[in-house]
Amino acid sequence: MEFQTKIGKSIPDKIYVHGYNLTEDLIGNITLADMAFLGAKHRKPTENESKMLNALLVAICEHGFTPSSISTRLTYLGAPESVQSAVAAGLLGAGTVYLGAMEYVAEMLQKAFQKYGEEYDIKELASIIINERQESGQQLPGFGHPVHKPEDPRTTKLFEISEQLGFNGKNSQLLKEIHRQFCEKKGKTITLNAVGAIGAIMADMEIDYRVVKSFAVASRAVGLVAHIAEEIEHGRKDSIGQQLFNYIEEHTEYQG
Amino acid sequence: MEFQTKIGKSIPDKIYVHGYNLTEDLIGNITLADMAFLGAKHRKPTENESKMLNALLVAICEHGFTPSSISTRLTYLGAPESVQSAVAAGLLGAGTVYLGAMEYVAEMLQKAFQKYGEEYDIKELASIIINERQESGQQLPGFGHPVHKPEDPRTTKLFEISEQLGFNGKNSQLLKEIHRQFCEKKGKTITLNAVGAIGAIMADMEIDYRVVKSFAVASRAVGLVAHIAEEIEHGRKDSIGQQLFNYIEEHTEYQG
Amino acid sequence: MEFQTKIGKSIPDKIYVHGYNLTEDLIGNITLADMAFLGAKHRKPTENESKMLNALLVAICEHGFTPSSISTRLTYLGAPESVQSAVAAGLLGAGTVYLGAMEYVAEMLQKAFQKYGEEYDIKELASIIINERQESGQQLPGFGHPVHKPEDPRTTKLFEISEQLGFNGKNSQLLKEIHRQFCEKKGKTITLNAVGAIGAIMADMEIDYRVVKSFAVASRAVGLVAHIAEEIEHGRKDSIGQQLFNYIEEHTEYQG
Amino acid sequence: MEFQTKIGKSIPDKIYVHGYNLTEDLIGNITLADMAFLGAKHRKPTENESKMLNALLVAICEHGFTPSSISTRLTYLGAPESVQSAVAAGLLGAGTVYLGAMEYVAEMLQKAFQKYGEEYDIKELASIIINERQESGQQLPGFGHPVHKPEDPRTTKLFEISEQLGFNGKNSQLLKEIHRQFCEKKGKTITLNAVGAIGAIMADMEIDYRVVKSFAVASRAVGLVAHIAEEIEHGRKDSIGQQLFNYIEEHTEYQG
C-alpha cells in the first residue's frame, strides 16, 4: 500500500516539489504566493499569473481589526509561547461570514459555465443566475460592503490589473454583468466587493472553486504576522489584547 | 480610550495599510510575502529584501507529509466545509519540535550581539556561546537533519542568495562560525539545517527574533494549500486522509 | 456601554456563575457535564437531567482512532509543549461529516414540531418529514453506521435510560417513527445511530438545536485526554503519532 | 505493524473502552469527567475519586470573560457554521499564562517527592524547593491572584472537599507548607490560587503532571458551551462578539 502524492520528496542532497527541484528551480525564482499556485495546479505560474496572484492575495491579506485578528491578539495574550496558536485562532474566524463569498462566487460562475456555458451568452447567463437565485431564495454572493460604497477601491484596482495581465475572462465578465443587471433591478448601485472580484478572477485563472478559499486563508495567515508583531511591539501591558480585556472587565454587567 | 494601531484604516474609497495606500502603493506592486515584512517593519521591503524574504519563505513552505500536513488532511476529511479549520489544524503541529529552531537561532544570535557584541569578535563569540550552552545543558539550535546529511541543500542555496543580495551579515557569520567550531569539536560534520540558516538570515534582515516564527507559520499556511488541493483532486474515497484512516482501522490492536 | 452576561462575576471572596455561588452551590454539588447544561439553560439540571446528560456525553465521548483523535496525536508530536493545541486540532475535525448529524436531527425535530406540531400526530409528521426530505434531495440525518449494524448498541442503551428517566418525549418518538417508516420504505433495517438518538434526546431535554453540537464538541475534548495520555505513556518514539509518521514516510510514492 | 492502544474497539454489537463495555459498564454509570480519568488511568474512578475530579473540573470550568472565551465568541461571529472552531479558538488561548500553573505545580510537587521524597520531611522539602527556585530565578507557580485576595474561595472549598474525600495527601501538604513558608518570607499573605490547589490535589490523585493540563483544557471546552449558548441567545446583532467588534471599530486610532 502506498500513499501517492505529487507534493514532494526529499533525498539527502535534493528536495523535489511538484516535479521541480526546490533549490534549483524554486528558491530564488518564485514568490511565496506561487507556492500556493504550484500546490493547486502542479506547475509554476507564468509571470503574469504570478503577478495577478500576488495582487489578489495582497488585496485580501490585511483587514485591520476584525474578529479574526482580535482573536489572534487575545490568543497571543494567553499563549505567547505558541505563535502558531495565535495564527490558527485568527484563521478559525475566517468562516462563511467574512471570507466565504470568494468561494461562493467562484462556484456560482464555474458551475454556470459548466451547466449552461455552451447554450447562452453572458447576458442571458447573468439573467438566468439572478432568477435562479431569487427563486431558490439564495443571496447573490460578492455584493455589498459596509464601508466601501458605492465602489470597493480594491475591486476597481484588481479588475484593472486583470485587464492588463490578460485575466479578464468569461468569469469576470459574467460577474460584472450579473452586477450590472442586479443594480439595474435594485435601481441603485450595490458594491461589487473585493472578495467577489477575487473569486471571479481566480475562476478566470482556472483555479477550482473548492480550492479558492484556501488561498484566502493562507493570505490571512500572512496578514496575521502584522498583528502578532504589533502586540510584541506594544508590550504585554499595552497590547491591544490586554487593553481590550481590561475594557471588557470594567464594562461587564452581570445579570445572574 | 483608543486602540492605537499602525496596521490599517478603511474609508469609503481608500484603504491604508501601514502608512501606504493599499490600492495605489501595494496591490500590484509588492508580493504576498512583503505584506509580512510590512507587518513586522512598517515599511515596504527593498527589492533585495523582497527577493531574500521570498526565497526564505519558499524554502520553508513545503515539507511533504509531516504530522502537520497530515493533520490538515485528516481535518479536511472530517470538516470539508471548513477549509480554515484544516489549515489551522496543520499549523497547530508547528510547535517547538519542527519549527521552533528558527526562532531559537535568531534569539541566540541577536542576544549574543546585544550582550557581547562590542567586546568580542565572531570567533570568540562563537566559542562563548558553545560553552555557555554546554554548561547550561542547552542544545545548540539549527543543527542536525534526519535526511539531509552532511549538508542541507536549502542552506547552501539560501546562503548563496543571501551573499548575492547583501544579507550575509554578522548573524549568519556567527552561526557559520558556531557551526564550524561545533563540527570541529564533534570531529564530524553535523548539518547546518535550513531552519537554522533562515533564523540567521532573518536576524541579518533585522527581524526581531520574537516575530521570526510567525513568518514561518504564515509560510506553512501557504504550503498547506497544496495538501487541501490534493485531497480534493484525489476525491474523498481516495484521499490520503481516508486511506490513512482505513489503514489505521485495519492495523489497530486493542489491549483493553 | 455594557457587556451584559449571565455567565459570571468574581469579587474577592465570591464567584457567581449563572446566578449560583460557585463554591457554595456548584463545586462538590454538580458534575462537570452539568456546567454545560447550566450554560445552555441558566439553571442547574435536576437529578434526572444530570444523569441523562452524563449518559449522553459519556456515549459520545470516545471514538477510538478517528481522524480527529489522530490529529490530536500528530499535533502533540509536533507541539508537546502545547496540550491545548493538540485538543483544539482534534476538535477541528469534528465537522459536518462525523458529528454534524446530532445537530441536524435536533433541528429537524424541533422545527417539525414548531411548524406542524399542532396539526399532525407523530405518524403523519414522520411521513411529512420523510417526503419533504426526499423531494428536496436532503438526506435524513441520524441513520446508518459503518460498523454498528443493524443496531447501534448505544442507541438501545440511551433510549432505555431516557425511558427510565422520563425523557422519551415527542422528539424521540418522532425520530423512532421516522426510522420505522424509513426502514419500511427501504425494506430493510437501517441503523438508527447514537448521534441521531442523542440529537433526539437532547431535543426532548429542551436544548436548542443550535447549541446541541457544542455539547458534543465539549464531550470530545474530554475524550481527547485519553489520547494525549496514551501518547505520553508510549513515549515519543513509540507514540502512535510517531509510528504513523514513520509508516507514511516509508510508504509514500512521489509522482512529481 | 500494529498500532497498539488501550483506548477502544468497536464490533457490530459492542464497544469496548479501556477494558470496559461502553453500554454495560459506562453509559449511565459514570460521569463525563470520569471518562477523562479513565483515559489517564485506564480504570474507572472510585466514588470518591469521581466526586473529587468533578469538583476540581467544575471549579476550573468557567472563568467569565477571558481572552479565551472572547476568542470563542469572536470566532463564532465569523464562523457560526463551525461551533467546533469557536471552541478550539477558545482553547488555544489557554496557554502558559492562565492555565499553565496547574501543570507546573503538579510537576514541582511530583518531582520533589521523586528526587528528595525519601530523605526529607515536608518542612525541609518546602524549604529546599523555595530555595532552589529562588536561586534559579524561577517563580513559584500557583500563588497570586488579581481578584481573589488574600484567599481564593475555590482553594478553600477544594481543600475542604479533598480533606473529606481522603485526597489531602503529601502533595497538597507540601504545597500548603511551601505557601506558609513563602508568605512568612514575604511578610504578607499571597493567595494560594485555585489552579495551584488543583495541581496539588491532582498530584495526590496520582495523575501524572504531564496529563494534568489536558484535564483543565477539557474542562474549559465544557465551559465554552455557555459562551456559545449566550451568543446564540443574544442574537448576532446583540452578541458580545458583535458589540465588541463595533466598539473596537469606533475606538481605533490609525497611526500609519
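Letters A, B, C and D name the chains as they come in the text, with residue numbers starting at 1 for each one.
In this text, contacts are C-beta pairs under 8 Å (C-beta built on N, C-alpha and C of every residue); 3 or more make two chains touch, one makes a residue touch a chain.
This structure is a prediction, so every number in the text was calculated from the model and none was measured.
Student: What are the chains that chain A and chain D both touch?
Tutor: B, C
Student: Over half of the residue-numbered contact pairs in common: that is the test. Which of C-D, A-D or B-D passes it against A-C?
Tutor: Over half of the A-C contact pairs recur in B-D.
Student: Quick check: more C-beta contact pairs in B-D or A-B?
Tutor: By the number of C-beta pairs in contact, the winner is A-B.
Student: Based only on mean CA positions, could you tell me how far chain A sits from chain B in angstrom?
Tutor: Computed from C-alpha means, the inter-chain centre distance equals 22 Å.
Student: What's the distance between the Cα centroids of chain B and chain C, rounded to whole Å?
Tutor: 37
Student: For chain B versus chain D, what separation do you get between their C-alpha means, in angstrom?
Tutor: Here the centre of chain D sits 32 Å away from the centre of chain B.
Student: Please list all residues of chain B that touch 2 or more other chains.
Tutor: Touching at least two other chains: 1, 3, 5-9, 17-18, 64-65, 79, 81-82, 84-86, 88-89, 92, 94-95, 244, 247-248, 252.
Student: Graph shape for the chains shown, where an edge means the two chains touch. Line, ring, star, complete, or other?
Tutor: complete
Student: In the complex, go through chain B and note every residue touching chain A.
Tutor: It is residues 1, 3, 5-15, 17-18, 22-23, 26-28, 30-36, 38-40, 51, 54-55, 57-59, 61-65, 69, 82-89, 91-92, 94-95, 99, 147-149, 151, 153-154, 156-158, 161, 208, 210-211, 213-215, 217-230, 232, 240, 243-244, 247 of chain B that touch chain A.
Student: Show me the residue ranges of chain D that touch chain A in the complex, using the header's touch definition.
Tutor: 64-68, 70-71, 74-75, 77-82, 85-86, 88-89, 92-98, 241, 244-245, 247-249, 252
Student: How about chain B: which of its residues touch chain D in the complex?
Tutor: Touch residues, chain B against chain D: 1-9, 16-20, 79, 81-82, 84-85, 88, 92, 248, 251-256.
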